[in-house]
Amino acid sequence: MQTSSWVPLFPEQASTFAWQVDALYAYLIVISIAFTIPIVAAIFFFAIKYREKEKFATPEEMHGSIVLETVWSIIPFVISMTIFLGGAIVYYNQFRVPDDSMDVYVVGKQWMWKLQHGTGQREINELHVPVGRNVKLTMTTEDTLHDFSIPAFRTKADVVPGRYTYIWFNATKPGKYHLFCAEYCGLNHSGMGGYVYVMEQRDFDNWLSGTESGQTPVEAGKDLFENKLGCASCHAGGADQRGAKLEGIFNKDVKLVGGQSVVADEAYIRNSILNPSSQVVEGFQPIMPTFKGQVTEEQLVSLVAYIKSLSGVTGTTTSSAATPAAANTSTHSNTAGNANTPASSNK
Amino acid sequence: MSDNHEQHEHMNIPKYLAIFGILVVGTIATYFAATIDLDWIFPGANTLLALGIAFTKTACVMLFFMHVYWSPKLIWLSALASFFWLAIMFSYTMQDYFTRSLGVFSS
Amino acid sequence: MQNVDAIGSGISEQPKLNYLTNGFTLKSWLLTKDHKRIAIMYLITVSLFFMAGGIYASVIRLELLTPASDLVQTATYNKVFTQHGILMIFFFLIPSIPAVLGNFLLPIMIGAKDLALPRINLLSLYIYWIGGALTIYALMQGGVDTGWTFYTPYSTTFSNTYVMAVGLGIFINGFSSILTGLNFIVTVHTMRAPGMTWFRLPLFVWAQYATSLVMILGTPVIAITVLLLAIERTVKVGIFDPSIGGDPILFQHMFWFYSHPAVYIMVLPGMGVVSELISNFSRKKIFGYEFIAFSSIAIAVFGFLVWGHHMFVSGQSIYAGLVFSFLTMVVAVPSAIKMFNWAATLYKGSISFDTPMLYGLGFMGLFLIGGLTGLFLGAIGLTVHLTDTYFVVAHFHYVMVGGQVIAYLGGIHYWWPKMTGKMYSEFWGKISAMLVFVGFNLTFGPQFILGYLGMPRRYASYPEELQVLNIFSTAGASVLGVGMLMPVIYLLHSLVWGKPAGDNPWMLPGLEWRTSSPPPTENFEKMPVVTWEAYEFGEESGLDLEGARNRVRPSTVA
Amino acid sequence: MSSHSDNNEEFHYHAPGLQHQFEDMKQQEESVSIGMWMFLVQEIMFFGGLFTAYLVFRSRYPMAFAAGSNHLNAFWGGLNTLVLIVSSLTMALTVYYAQKGNRNMQVILIVLTMFFGSVFLGVKAIEYTDKYNHGLVPVSGWNKRIKEEAGDHHEAAKPCWDVDHNAPVVEHPNPHGEFQWTDCSLVKLAQDHNYLTDAERVGYFNQGTGQIDANKFRDKVRIFYFIYFVMTGLHALHMIIGLGIMTWLLILAWKNTFSADYYMPVEMSGLYWHFVDIVWIFLFPLLYLLGRHFLH
């Protein structure tokens, strides 16, 4: 949807079967026009030609015509069958997953997408894929129904708890495309989305081997908070937000479940990101997932800096407590799995 | 149109008792047929037999106790249509379940 | 037998006792068994629900004026679109034409004194009131945010709003529509006047009959589905919860088994009204009467075979998707037949452009678009892209509003003189019909483009590049809103200041035009005997056409 | 319409119970009869939704359904079927005698019908109580709470596929009134004979160890019991409504209202009563008997 026109009419075609969907769409538009114009023209023509000349007239009586009825039953039937066939062919291409696909695992959760590449890299609300490769998404959800939708690729599928559903695509054009959740899933449904980045293979390899960043820690943290990690889906939004309020908490006392209270310093913030259930703020449910293994120490530092900035504290000094010795080592986790298993152990 | 005034002349007490007898025999037959393992014929043969008996009993009740046999076509039609619509609901729902790739990993 | 010339020719000389003047106490209304009074009470209630739903609609459009979720909070927005859907579908669209126009006119059109089961009819009104009151109560307590589809497991496990109360309201309300349908079927079978054979029935009656079949066969299934949902939500047994063995998609099957045919409950009566309007205002026998009549029945039957097209991407099997796609294509044919027959009816007619006819022509245009975009959504490969986007929203509004609501307004204008005995302002009627048509297209036309661009439905905030189209849509909605409000004003105005309409202002042959306006409590002075075919505009109809022409001639001929 | 007479002008006899909107009794009877059948059609669709749920889950988890079914008491279920059939007969005969205008037989037969209807509900109550006592109500907390006593707790820990169906039922401790299930013998059987469906292979077993997971199996049996309770509960509700109708009919019959000319209320109530019987004719084999043959 990067069109520069004033009002976009078509989303970008960015997958191998996008043109097929568009062709079917165009075919249907042609058929619609082919039906609409004669009918509307006939209505207008009759309405003018046979308009009332005298009140309460009795126009010449006319009887129905079996021939006409048969003709205009069969023609729409035949046309609708061609549409069905076209739809079936396109559908076949959309859902027949090629064998040589690169795997990406997707877990929906209110209200973020958690993705993991077959090679172990984790992403949240973002998907980086190389151009020209078949990518197969194996998807499920931890809670309610969601729907993984990429309009530019013309594909989507519901994700269903307790099951895997699959979509695949082969991106044809590098760029940044919208990713939506298209099945209503509760409060922040419209915020549950992000972007799909299609990259040249070389850039993708670079991306795999580490992320580059030219941002300040607060900016990087803001980006992580609002987009990449999706923290904002629970920790921002006003009175109804599900997570604790973060504005102005830095260096203040926080009451925890169980009656204790702690000072919200850097160590506390960092611990809350990595071990959310260990210190739950009073009045909230322990529903926050752990981000251990998904954020690098670098990113943690940025996040802490950003959360501090919400309290008006600037400066990016990191206290020693928040920055252990291994601060800059990237900690991509290769353990597939935890996230891919919906909570089934509540027996 | 139904002629209710003649209707009761179609059934008399011996006929009612005969239908009742069929129903009782059907019930007892269902019970004992269910204790015999018919899976050697094909899996689900027991269920099919039980449903067969149940439909026979239903037919008896509807035709004779509910006087459908002597009723106008509309009543026949509505009785049949309701079963037809049940069949639609069952078959079109099950065509999904029987052809769905399982994909279930935990339930 | 019946002197048809005596009635149906002019303005009554002295006020006769009619259904409105037959008793003025509250009790005479609340305990009435008169189908016309029940219809009027339905009309008032249905209109209130329509206005409430309309207010929600305007909040939705105003919120979507800007990409951010800023006018109302996201949580509120979710409740607003849910409640818009619930009120409009269950409490407006489903009862609108059957319970208001059908109730009022079906017995008169077939020459009966009343519906066959008048007490059941009153009972259905009370059930509707109880269900509606419960729903309104739940909305005032805090509302519900599941979407009108109540998809599990969100509605059973995750939503912490008033799902139970609203579900109960819908459960109760369902029985109201079952009883109405039951009553209509019985009435059409047994209460037709002498000479009123099946193929002399007005097509409105055929459409009501087909609708009633759907109500009887479909509505019980939504009742049981909502019941299961309520039990699951209260006591967690797991039938829809996959973590303990259930299947959320089963809910969708059971829900759409009713809710797709319910779409036909919402549009078939509209088709019936439009058949009346097109034929009567072109003063010409409808083209292909039998084909229109049987296509209504065909739609009612085939409508039950296509529900899976709502579930193409839900995780239903690929094979099932293809079968449902195929059947969806088949069900398009009867609708196409109706459309062609309506257009052919205009040929060589004598077409007058009174307000009801403007709505009738508007319906043809809008339903054409609604029906054709239905084909887009039946083509399975294309629908993968379009499911749950604004394309779907635009499509069903074209069918529901462009179809049923337009037909309902047309019907109200058409039969208003009969119902009240007063004529509304033709000038304002035409203005409002055109405003509705223009406003409607401006509102929902851009949403097709938005949908193809991928904007998902039920979004409180959306990407910025989509704002321009949303602004068009909101602008259109305000025109539509004005167009919808105007009839309320001039119709109410006509009640007091309107000119007496006369028994048969348009000299039409239907039985409803052969009794006084408003009709007496038992509809006819004497039981009518039908000797003419349906839609007979010539002298065979027995109407005093020449006399009527002479009366108007000096003033109309230019 | 053939049923209308053309002589509207004449005074005609106003039959008792003829409502104003009808021309004659025949039209009224026809209307009421069609109306009742339409009502029954919608009742069939109402139960149809539940049968769909039954079908879906039974085809998925046949062994869980068979196991759950084997713990219903087929004797009580069979007895109830017979009781209902007898009540259907008495109802049919009530209509017969109403058409003959025989007041005494009507009263006796209606009382008998109500008696058998009440016996049916009584037996249902016994069955429900039994399920309550044995922790088979599918809602957690709605079962009898049995305190855990010293030395008792190992009862629950028995391997769940070694169940002797002839042994007396042992009460397992159930301090919170949970749904309880310990009998996995059918899974074992089906595993040995290679009967299991794909859904069952995933649904009953621990994916890590490959062993039967008693908790996962219990969840599937709970769905059976849920469907059992909803179906029989709604059926019982229809029986209770039926008893109400019978009471009304009894009063009318007592007043000698019915005759060869006017017996529609009896006929219509009879249709309802037979319909409720028909539902049970299907519920009995589908709920009580479906897994019986595995025990022999």
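Each chain carries a letter (A, B, C and D) given by its place in the written order, and its residues are counted from 1.
We adopt the following convention: a residue touches a chain if its C-beta (ideal position, glycine included) is under 8 Å from a C-beta of that chain, and two chains touch if they have at least 3 such contacts.
As the structure is a computational prediction, the values presented were derived from the model and not from experiment.
Remark: the per-chain Cα centre closest to the mean position of all protein Cα atoms belongs to C. Comparing chain pairs B-C and B-D, the larger number of C-beta contacts belongs to B-D.
Taking the mean of the C-alpha atoms as each chain's centre, chain A and chain D sit 46 Å apart. In this assembly, the C-alpha centroid of chain B lies 37 Å from the C-alpha centroid of chain C. A straight line joining the Cα centres of chain B and chain D is 15 Å long. Multi-chain contact residues of chain D (touching two or more other chains): 3, 30, 34, 38, 41, 45, 48-49, 52, 56, 60, 203, 216, 219.
Along chain A, residues 162-163, 165, 342, 344, 347 each make contact with two or more other chains.
Shared interface positions of chain C, defined as residues touching 2 or more other chains, are 189, 217, 221, 242-246, 249-250, 253-254, 257, 315, 318.
By the touch criterion stated above, chain B contacts chain D in their complex at residues 1-2, 4-5, 7-8, 11-13, 16-17, 20, 23-24, 27-28, 30-31, 34-39, 43, 46-47, 50-51, 53-54, 57-58, 61-62, 64-67, 71, 74-75, 78-79, 81-83, 85-86, 89-90, 93-94, 97-98, 102, 104-107.
Of all the residues in chain C, the ones that touch chain D in their complex are 1, 112-118, 120, 178, 181-183, 185-187, 189-194, 196, 216-221, 223-225, 227-228, 231, 235-239, 244-247, 250, 253-254, 257, 522, 526-527, 529.
For chain D in complex with chain B, the residues that touch the partner chain are 2-3, 26, 29-30, 33-34, 37-38, 40-41, 44-45, 48-49, 51-52, 55-56, 59-60, 74, 78, 81-82, 85-86, 88-89, 91-93, 95-96, 99-100, 195, 198-199, 202-203, 207, 216, 260, 267, 270-271, 274-275, 277-278, 281-282, 284-286, 289-290, 292-296.
On chain C, the positions that touch chain B within their shared complex are 189, 217, 221, 242-246, 249-250, 253-254, 257, 304-305, 307-308, 315-320, 323-324. Contact residues on chain C toward chain A in their complex (touch as defined above): 69, 73-75, 78, 145-147, 151, 153-154, 157-159, 242-244, 248-249, 282-285, 287-291, 313-315, 318, 321-322, 325-326, 329-330, 332-333, 336-337, 339-341, 343-344, 346-353, 361, 364-365, 368-369, 372-373, 375-376, 378-385, 387-389, 449, 452-454, 456-463, 465-466, 468-469, 506-507, 537-539, 545, 548-549, 552-553, 556-557.
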